[in-house]
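Each structure below appears as structure tokens.
There are two complexes below, and they share chain A, which is joined by chain B in the first and by chain C in the second.
Moving on to the complex of A and B:
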């Protein structure tokens, strides 16, 4: 469902005049695809709160801010890199929406694995170009969403990741997106394509970080295909500047017996939206985990959609949110079970903690079930801290603030503990601990 | 050390304690016994500072200060410790973390420096060994999934780490088999000290077989109806509490 909404003239103008963002030696087919996306954007613009899918998230601040396209940066602050890059991974680094070869490292990556910036696709092999063409725009089911069209029309770079059949990637692949902009109101568009071929196994991380307190817009789209019997873990960590805007999406197709685990950690940005969509084929297995921690005036929108299209697929979704101060969290989770998707086993849980009277949570689970032999369960809670536990901790000598922080931290830490790759777990933990400075938490004690 | 005078407490409009007078000095062990519903647990919670109780009359002073004016954590810093009848599960917070946070909270208040992490762990592990607790409990969430006996041992472990001056033990013997009861009692006895006082709140005599009280008080219907030495507990064991009911009726 979409509601006609006049496009913002500033952004329509960007589409009309943008040349800097195009990829080197771009093929005609891509230019045509961009033109089509731009034409759709010119009709519908960015989503409006009148659109049911966007009723809790008003993006007018993005329209008013009139972000302009970022340009390639020559030098990157080492501190930004150090903060962003995880140990023990292959790294593909993008700064302000452009690939940075100097800071990327794929040394030791097996030949059976392709990890390539999109900016190098058209100067690469024919196979790579064909792969790119076959994957781009192949998973997204809905073109009317303005940010996707905007991304398709303008993406400047991004990653193409392809794991060949029967290949296990020895280390996680980190796609690090860094914004180095400081106060220039820039926007970047990256597009990622991840393709796990049959019986392969890999872990891919997307991380989003930027200069503290700078205002910029990240608009990213990731398309994922997981072929039969392949096993893909995909984690995204959104730790943007607290004044930034972040619109991101992960659109996934799971083929028969595929396994997909998606983890979605949200800490940054003044306004963010993450769309996590998965289309499930027969006997595929999909896990969606999420954690969102908001304070001050942050607005965090998580929008998930799981489509059970065929029988015997399993999906497990578990999102936890903590909102403090005047922060607002949104969880809209939809599970659709098609008529043919008998023996579906789907669960969705959303648990929220409100720490302030002025914080807000809007949670909306939606189940649409058209098959008759399925197991579907969902649960939603919005609560406060347990008074008995606070009393217990205080009676041991923790002051009230510390007791509250310990319990809040414990609530959130359940999601962190699930992260098996240590460098990512510690990174997420660091982000979580930043939110509770008074607690004096130390990770060596966990 | 602790002086309770004419304490009256009301909960949800109902009078629970109706004029308690009790004086406890350093080094003493007092047992407070009584039937269910006599107000024993209320008295424990009042000492620890739990909310939800209306104190309508009376006072409690602790080391000369007004205890009732102190917040829950201020009481802990001042040396009050309540071993809970039903220790609270705190999912996600590890035992070691809570112990360290609690101890450093108390040390900070006393103006003492934070403990060195390695020394602290070594000292806690030694105390766990005394209580026959597996070291793995250190890294498990506080009381989560612990058996009844494990929870009680964990309370005594916390007590031995925090070294309070007033230890209030609320039905610590309940849920302990005879082995566990001996271990827990040994743990408590090790903490006996001329500078430390104990209040053992219990329904049964059996804890007192292992921890000999200096004084026994019988609490019934919100009042201390009888006080005596250790022999009073044995008397209660023989006679039960029914004589109190008779007394009330007459």
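Moving on to the complex of A and C:
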């Protein structure tokens, strides 16, 4: 059900006047695509809570804050960079939505792999331009969604990652997005396109960080295509400033026998929403893992959709959340099994820990099944820490706070331990430990 | 497998067994809805002024409301001016005092359905308030109940005899502004049942109402109100069948249950209205608002439903758990065959401390049926130690049907514990093979497996209902063994 929601005049104005965000030497087809998206945005605007898919997330704060487009900055705080970049990866760094060549490093990358900022596509080769054109806007189904249109109309940069057939990328590729501006109410739009060609294998990370306590908006859309027999791991770590807003989406198309693993870690932002969509073809395998840890007034919305279009595909979803203080966690998962998708095996699990009287969890795991020979299950729990376990720890000398921290940490750590790439695992662990202010929690223990 | 497919087709193609129309003259209003219709309806029923006002308020509010579109069902737009809002069997005017005086054709109808009133009075010990179209025709065992202090009568009778109780409780659980169909019902409800169980009384028998929709093009707007005073207990049964008919009939009922301290209501429904033919033509639209409110501590309410009929079933029996330690239960079997659609489930709203709720929902889809479970579990800030367990299982028979699960879980209390599980499966060929290898026909085997699938719900039904429900499931799926 679509709900008419008049677009905010400020953002409609941004679309009308924005010229600075356009990519250098932009082709006409892109300009017309942007115009179409802007026109659609002008009709529908941002989604409102009256929209069923947004019933638990109210983005009126974004409308009120009137963010303006960020501009290209030359300098970035080195400490911020050091913190953001993971060891042992190829790096592509974007600051405030613009590519920063001097901080990026792709040295040693095989020729069969293309990693290119979108801002350089139109000055690049014909093949690259064709690739870009064929991928852009090719995976998303819900074009009418306000933030996607907003992104299409305004994206200033982003990454184009293409792995050729039968290629294995030796190191993960990190796309680091950093917001460097303090107190300027800026917004950045990036678009990423990831294309794993037949029988290739790669790992791509997206990390989002910003200057502590600054207020900004990140609106990012990632489109992923995984071709037959390819294997792609995609992780996104959202550790924005605690006052920032983050709207992100990963839209994936899996072809026959493709394997896709998506990990989604949410720690930052006062209001965040992650859309993870996957369209599955025959015998493809999709794993979606997630962890969201909220405190203070944070609002974290995770929205997954797995669409089984063809037979024999397998999907596994596992999301865990911990909500403390006045935080609010939302999980809306949806599995759709189309009529022809016989022998589908789909599971969805959502486990939540509610630690405070003022926190809230809203969860909505949905199954929509149109085929008869399928195995589908979902499970949800919302609960608190086990009293006997706390008692056990206290009887061994841990104080109450420490006992609670240990158990909460153990609950969340299950997701962290699944990360096989060490630098990322430690990075996620660091973020997790930040949520346990009590000194008793030491990394050395782990 | 092809042999059992044939069977499935046979089974699915089964005719509606209770399809017949009793030819009784009906005293009906011309189709249409406006304030005059409501005034006329109220006048015919000799209602007090407050009730007419209440109806008019509801109607005026209804006019401002939009038809809800969110449910997972599809049907052509209903023209509310095409519906006649009152129809009473003609012989009602003379007011039958005993069964002998009841129109013999009505008695015949019940007999065809296998519900001989006399039999039930004597043998089953069940008091039957039979609603034929819109007016209660026969009420039995009244005296026995009267001795216990239990009031069990038609709604219009209650309005005349106990206006103070109606005034006190009507619309307090489902207000006349609640939703589109509840508002419509409040404006035009024709009759229904009223039950009042006084303090500390355990109702001496199970109360039962059989509803039938009979006159063509007559929307039925039943209203049921049950009040269980402190420490009382009642088990209420509601069962329905309807004649075969080509036009869609709207049924928008409202059921309100008020449960006070330490009281318990068990409300069971077997619904087998005409589901439409194998092409999805005709059938009843069953849009019902059912809600119970546990007002006092330790109150308990249990909804059990077996939904096999209706072209469209759209209802969510709900429980508001306001009193501390109150308990809500929901057990449901919903079956959709041919082009039937069901969007059903429950809402458990936990407000009091230590409240608990259990939801067991079994959905079976066959043919082109679309079966949706939609449920809300909401834990308020003050509902310390609230507990919920939900299990939704779906069984798919045939590759044209759909089974959907839309649970909503909203928690604001850290000490609450909520568990939700859902699974979807089909009858496995191994199970079928095992049964058939032992000489059980494919049809019987499917029936057996489906009944096993629903056992958790059936065991909650009162005994005589459980038997009926199993038979009903068998009939609805006959030849439809998957």
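In this text, the second predicted complex is superposed on the first by the 444 of 446 C-alpha atoms of A that agree within 3 Å, B and C clash if a C-alpha of one lies under 4 Å from a C-alpha of the other, contacts with A are read in each partner's own complex, and residues count from 1 in each chain.
Rule of thumb we're sticking to: a contact is a pair of C-beta atoms (placed from the backbone, for glycine too) under 8 Å apart; a residue touches a chain by one contact, two chains touch by 3 or more.
A quick note: this is a predicted structure, and the numbers were derived from the prediction, not measured.
Aligning the two structures on chain A places chain B and chain C next to each other without any clash. In the superposition on chain A, contact of A:342 is made with chain C only, not with chain B.
When the two complexes are overlaid on their common chain A, residue A:24 makes contact with neither chain B nor chain C. Of the two partner chains, chain B is the only one touched by A:409; chain C is not. Shared-chain residue A:52: touches chain C; no touch with chain B.
Contacts of A:430 after superposition on the shared chain: neither chain B nor chain C is touched.
More residues of chain A lie in touch with C than with the remaining chain of the pair chain B and chain C. Once chain A of one complex is fitted onto chain A of the other, the partner contacts of A:357 are limited to chain C, with no touch recorded for chain B. Contacts of A:371 after superposition: chain C is touched, whereas chain B is not reached.
In this overlay, which is a superposition and not a single complex, chain B and chain C have their closest Cα atoms 16 Å apart.
Residues of chain A that lie in the contact sets of both chain B and chain C are absent, per the superposition on chain A.
Taken in their complex, chain A has these residues touching chain B: 387-389, 391-400, 402, 406-407, 409-411, 413-414, 440, 444-446. On the chain B side of its complex with chain A, the touching residues are 48-51, 71-73, 75-77, 81-82, 84, 87-94, 96-98, 100-106, 109, 117, 141, 158, 162.
Contact residues of chain A toward chain C in the complex are 1, 52, 339, 342, 352, 354-384.
Contact residues on chain C toward chain A in their complex (touch as defined above): 69-70, 379, 381, 394, 396-426, 482.
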